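By written order: A, B, C, D, E, F, G and H. Residues from 1 in each chain.
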């Protein structure tokens, strides 16, 4: 409900078109009308207005029937791009029978619909850097999300600090980007080094890549949280999606 | 053994119907007569008298033969509802050959028998709230358990704090419930927010839903234990069953 | 603001006593009027109405000036009992200069005012059991909180499972209590054993009592979360206060 | 060394004013000339040019003599604001004998010099929210850092989710801020709730405030990393300084 | 090499039958002659003499070829009972083609040869208690190991503290046993309770049975290490084998 | 109450000297008569009969008044040796004013009374080995406990594996002891090495001695639990007392 | 680019063969010319010059297409030995279609090309010791890496401390080796014992071999980091490759 | 005992100067004669012969009397340099009364005697790099140890990756050193970056420097273990001493 709707409601009440009981009930439920309750889910059709991007489906832990149903409702009631993350190819195939416009990205494990005409502004680019090729799936989740959210995105792989000149090759891109997403597993040192080279905000994504004592990304996570280069903030392990959302919110400010 | 039995025994001894050696042995074993020993298990047929609900079978780590055997004994010697938690469909199918009355709930992974006539008291409702659809299986374990234990249960899914008005839509139910079970993964913030809205006891169930640093539910568990809203107590990760038992015990008091 | 106030506001608007801009602003702020903002704190004078007990001050991490100021505001605008937890004696002494009615409990480290006439209902008793004498300070925090919240409270110390007959001595009290708070450090086994003896809800409080691998209460916390006796829920380590609030909420239902 | 300096050097070499050996050495050391080596520290006088703010001294683990010496060098060779974080009052007093312009903030434990004339742009405000008064010291570190870096800063304390209307009172500020820093201990739920209310980037700072199982901020840290509201990124526990730097970098983009 | 061999060697040297170089080499290698090196393994044929039981094969992480080869060598050079733990049925089947005397225990996942005539002394019984039927596989590993090592063993299943009278039914056996092995998952409270009932040494085996926050046995492990009943010592999670060896060593002393 | 007392009671009832109500009450409280309730503690005067040694006071977390009171009661109602562990010298001094027979051991931090005439049997010796001199306080707690419990004890310090011949110097004592307590911090390897040299049960005590990643004894604890030498069981970190109790229980069997 | 190339570039610029813009660009990219960018990877063809061994492919987390492509590029542009670690047999088979010279080692899970003529210097041997046969795969990764890097390597398996004379059998090899790699799981005590026997540097590799509380190698890792024998340094869990690289770097110094 | 002593003993036996019983006893104790047992410690006077450096005293957890006594014995029976690590100034002052030659280093917390004439070989230098000035105490422990062990040592402070050109200033020293010790807290990225720049072995020392989620050095420890640059091995947190010993052992090989 917008402010305009609220005024109409109040005026209706003033003019005796709406009685006291009704207006009381409505006022208590202001924002709820855009929520579609389908039993196992409450679809939030207003999410885009409130947070700047549509509700995204987290497919892990949902049945393929649930994913399809939620996706369909969003598909029908909006005209924006749509995303389901952590979705298996099997879920995609089940869903695409009904929504042929849906596409699938294997590396990112994302189902998506790319239908919105967007002019991407190259002067406000999100740059994604990965430490190694094994970090590619997480980076791809970030790249595709940022792209579908309407951003210009650039990505360079395999710039880890074991060969630091590979990173320095991209120094110009690093300095021209608006925001930088650093995707790294193992010791995650790339985030600190990039942080020392630029005055742009850096979003660090630890990945679960590594030998035993990476403890599925814990090592990189802690390293990034402890970055000696200030200006680095961190999202969850392997959460390329989350990093892209943070970056999008920042770029939207510019 | 009841107090009445005990008195009979003492009088028998007084009247020389029971000799000293026997009464000594019996006194040491008071409660044990209701325990049926079948080798790999000690079935506790008195559990309902002592704790207010029948022995429930934890099927994980037991063979299908063991689960069937214990279930059968409980089925035959009681007339209450029966539950086996954490049971695969395979175990159910093996068991149902012999106990056709048994049913299976896929989401909850529970085998159960629902045979007791119970009038559920709507004025003492257990309300279950989930943060997201991925928390549904754990919530379903809680719902079905609470239902079979004889309670009125209400459940709303997908009320997480990322769209907090979805929660506020249920404010009346929250205020009218006797007890509230909050099922949430990721950061588990729902428990705290609900805790701030009501004076009813809240039982929080952390779930293992989430990206890497949820560490299989540890993040939600710690968050719920640290809830800034007092009045929240916590059960084990993914333990919908346990939450339902706590809630049932509370409702029984009312 | 109560529902009655809301109706008055709406009627005022209808009768042109309140203009549109004002009512819009007021409707957005409904509950906020009871919040007193004193810069470093937002005192919530409505907490009692909403959650059934007054705002309690968590004194750790606050300066003595802050604790005194918040306490004073609550003292002046309410007539209920008041509590500040985790408060050093030094903070108490600083505060009591201005609020002579304040008292201090050394074991519990609580500052409190006990001024409300309450008839405590013995038929709805909260029973507190500790495993050992070293758990006494945490239990005392629970006892005093529950008492000031208006409950009848009974407490037995040193009933740990190493001498299990000491526990069995209290079997009648265990069976007659409405709710039981079990306070235990080390391996926290007392919660499970009590859980097996009663059909009442049990709130387990792990304490930081123990040798090295208790890891400041982690061992007891995990043990209590994994209790094989269903019906046990858990609060934070050493959080006697939290346990008392949960217990109070339950007893209020009865 | 700037690009201009580099060209001069090359032209000097071309015109035989600089010989081969010298230019080789210089080219290898490009940026190093702005580094002042004082034995126990390498002071980076170019940090402001490269990262947009001067080198900040992390005083923990340094002797008071070391802190004073580094501070003095920065004070003399720059004209910007200066900061030493995690500094005891004792270190401040030792230092201020020599640098009377230095000030101290007790809550934030920061030594600073505030000498730069800055017109702060209110339309690009950094908003800081704390969950409770005990989080104030960390928030104060963030506030003072952001202020000295030249930003307009607004701060509201004690808005935790246990009384969620206290947060809603600030909804307008939340929606008008450019970036929001959320400072919260215990379960850190505030970050998720704010994240659900706005499309602005949120920087979450977990604090070490809480009972036992907060494990010195680990609970809040994990909760924030797992925020169900996308758009939240996280810095180290109690790292108000780091959050302010990230926020400053973002605001600088706008 | 025994002391007798050593004397012969010295006398041989004295009588010039053994020269200096040889005796020097031999003295440095005393015990090594009983070690059979087969490349990927050093089989220790003297283990029984030194530690009181034969070398036992830990089959996890070894190929089926390696397990068979080591087993065969032990089989041929000794006449004692033989054990391979953590062995899959597949490894057993591969091995039994060549060693038909080998048997397999599915629950315990052990390959074994039981060929030694042993008169088991009932007056020195090892008693094994499990908390629940799901702990049976670990208990079976303990039982079979202790049996093959020559001990009298008694086992009772499903005596957990949720129904503590089931434990008290075995009080006589508890008091008559020489050593007690307690096998329990979840919160592992059984070890403490048994520890309070007897003056016999108790070896506690935590199992990985339990819901999420059992963290694969960590909860039970910590609980047992923190047992408030002194006289409890602990072996590794799920290590029924290790408990049996400790118990055997103790019984051998009697 | 002994079996003899129980028979007297039954006969009294039979002969009408004891009426039904009384005997019912008494039977429910059998063992409780030896428990002395002094409010903050339940002193268990029967502990020696049941577990083979008197109740030992864990002084940590108790006030000096509490320690003194419990000690005094035990002192007066028994004639055995007495122990309070983890007791500061200050607590000792407060206590010794009233109980001049009490002594104090600084290294072990134990208050004790040594008044029982015991002939220690050298053929059943408990051997204590420490890895380094820094482990001495824990070993001293073990030694003094074992001694006061009536055992012959031998102790060798500083036998760690960094100079393994220092250990081999004690090989004869290792082979002649009945039980061996190994006290080691850092990596705790000594337990495994000793375990490989003897067929006697080994009780390993990890200590909190070590650099950073010993994590206050966690490293040694995990190492000892994973000992490749079977026959090693483990007690809590720094728990010399617990190890001595286990060892005493074993030696009592011999 | 070598120093020689750099001088040529400078002279070219001086002689007007290279213009200012070009030399500026080249100077910023010095080392980058040897990096081959193939989109998903930046192949570092200069790694051998800089670090003494060629780039090694970490195959985990890469698709078989990616592994093959990177391998092929390295194969074509160098003439050294090549390695891909953590590679499944399936990846090997896919790759070997195109590079028939590639070989596979099942235990080590390595794809490699062994084509460089190397005279291995036996006087500078790397000695590898394993605690048990289950550690063999990790040791094999170390052995094959060290061998392909051009070292003389010796390996002894199954020397764990449970039978310490098996270790002493190799004392001469231990004293003659240049560097020793100790591969051990469980409690990892072998590293400390070897560390006490020699003055050579020891590289300890913890393995994930062990029962529950080895926590996938954490126990051995912590133990090795806490070795009481100085002179032991540690690499990641199961990281045989890393240990071999460290050892090779050391031997290269000799 | 040296080989020469052993031959003498054997010949003495052959010539009937030594009888059988004596030689048997001596052979069992070969190395033990150099061990001086002073009750609470076994001083290993042969450590230098066996491991290349004298026994070093770990003073933490020892009383000042113990430290002085062990130091004195070593001082009197050797003529080498001596070290006690982790020693407070108070322990030093107590010791220096008796051993005036002893010196103290406050930053390193080391007591030492520097009396051996050593010509340090500059061509085999150990280079120590620290990330920040707060890492200085740990680096100082490493520097002083390496120096007293006879090495040429070079140290550069404050080269962390937040200003990576500060590191590149030392590139020549990095390439000319024999071994490099990298001392870094926070995220410890310096080790990886240095590892990518050189073919020399790197010993990484994580320090406990950092904000909350450094968890006292755990973050840096894990990061260093997961270094993407191979050739890095790691010692315990804050263990400058251990790093120096590893480096010394390596340099001795050269």
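The definition used in the following text is that a contact is a pair of C-beta atoms (placed from the backbone, for glycine too) under 8 Å apart; a residue touches a chain by one contact, two chains touch by 3 or more.
Bear in mind the structure is a predicted one, so any value in this text is a computation, not a measurement.
The interface at B-C recurs elsewhere; of A-B, A-D or C-D, the pair that shares more than half of its residue-numbered contact pairs is A-D. A comparison of the A-G and A-D interfaces places the larger number of contacting C-beta pairs at A-D. Measuring from the averaged C-alpha position of subunit A to that of subunit H gives a distance of 50 Å. With centres set at the average Cα position, the gap from subunit E to subunit F is 26 Å. Between subunit D and subunit H, the centres computed from C-alpha atoms are 38 Å apart.
Of all residues in subunit H, those touching 2 or more other chains are 50, 132, 163, 196-197, 210-211, 213-214, 218, 221, 225-226, 229-230, 236-237, 242, listed in ascending order. Chain pairs that touch, as defined above: A-B, A-C, A-D, A-G, A-H, B-C, B-D, B-E, B-F, C-D, C-E, C-F, D-G, D-H, E-F, E-G, E-H, F-G, F-H, G-H. In the complex of the two chains, the subunit H residues touching subunit F come out as 28-32, 35, 39-42, 44, 46-47, 50, 55, 58, 60-62, 66, 70, 206, 208, 216-218, 221, 236-239, 242. Across the complex, subunit F is touched by residues 131-132, 160-164, 185-189, 191-193, 195-197, 210-211, 213-215, 218-220, 222-230 of subunit G. Across the interface of their complex, subunit D is touched by residues 50-53, 56, 178-179, 196-201, 203, 221, 225-226, 229-237, 241-243, 245-246, 249-250, 252-254 of subunit A. By the touch rule above, subunit C contacts subunit F in their complex via residues 132-137, 156-159, 163, 165-166, 168-169, 171, 209-214. Within the complex formed with subunit D, the residues of subunit G that make contact are 3, 6-7, 10, 13-14, 20, 23-24, 27.
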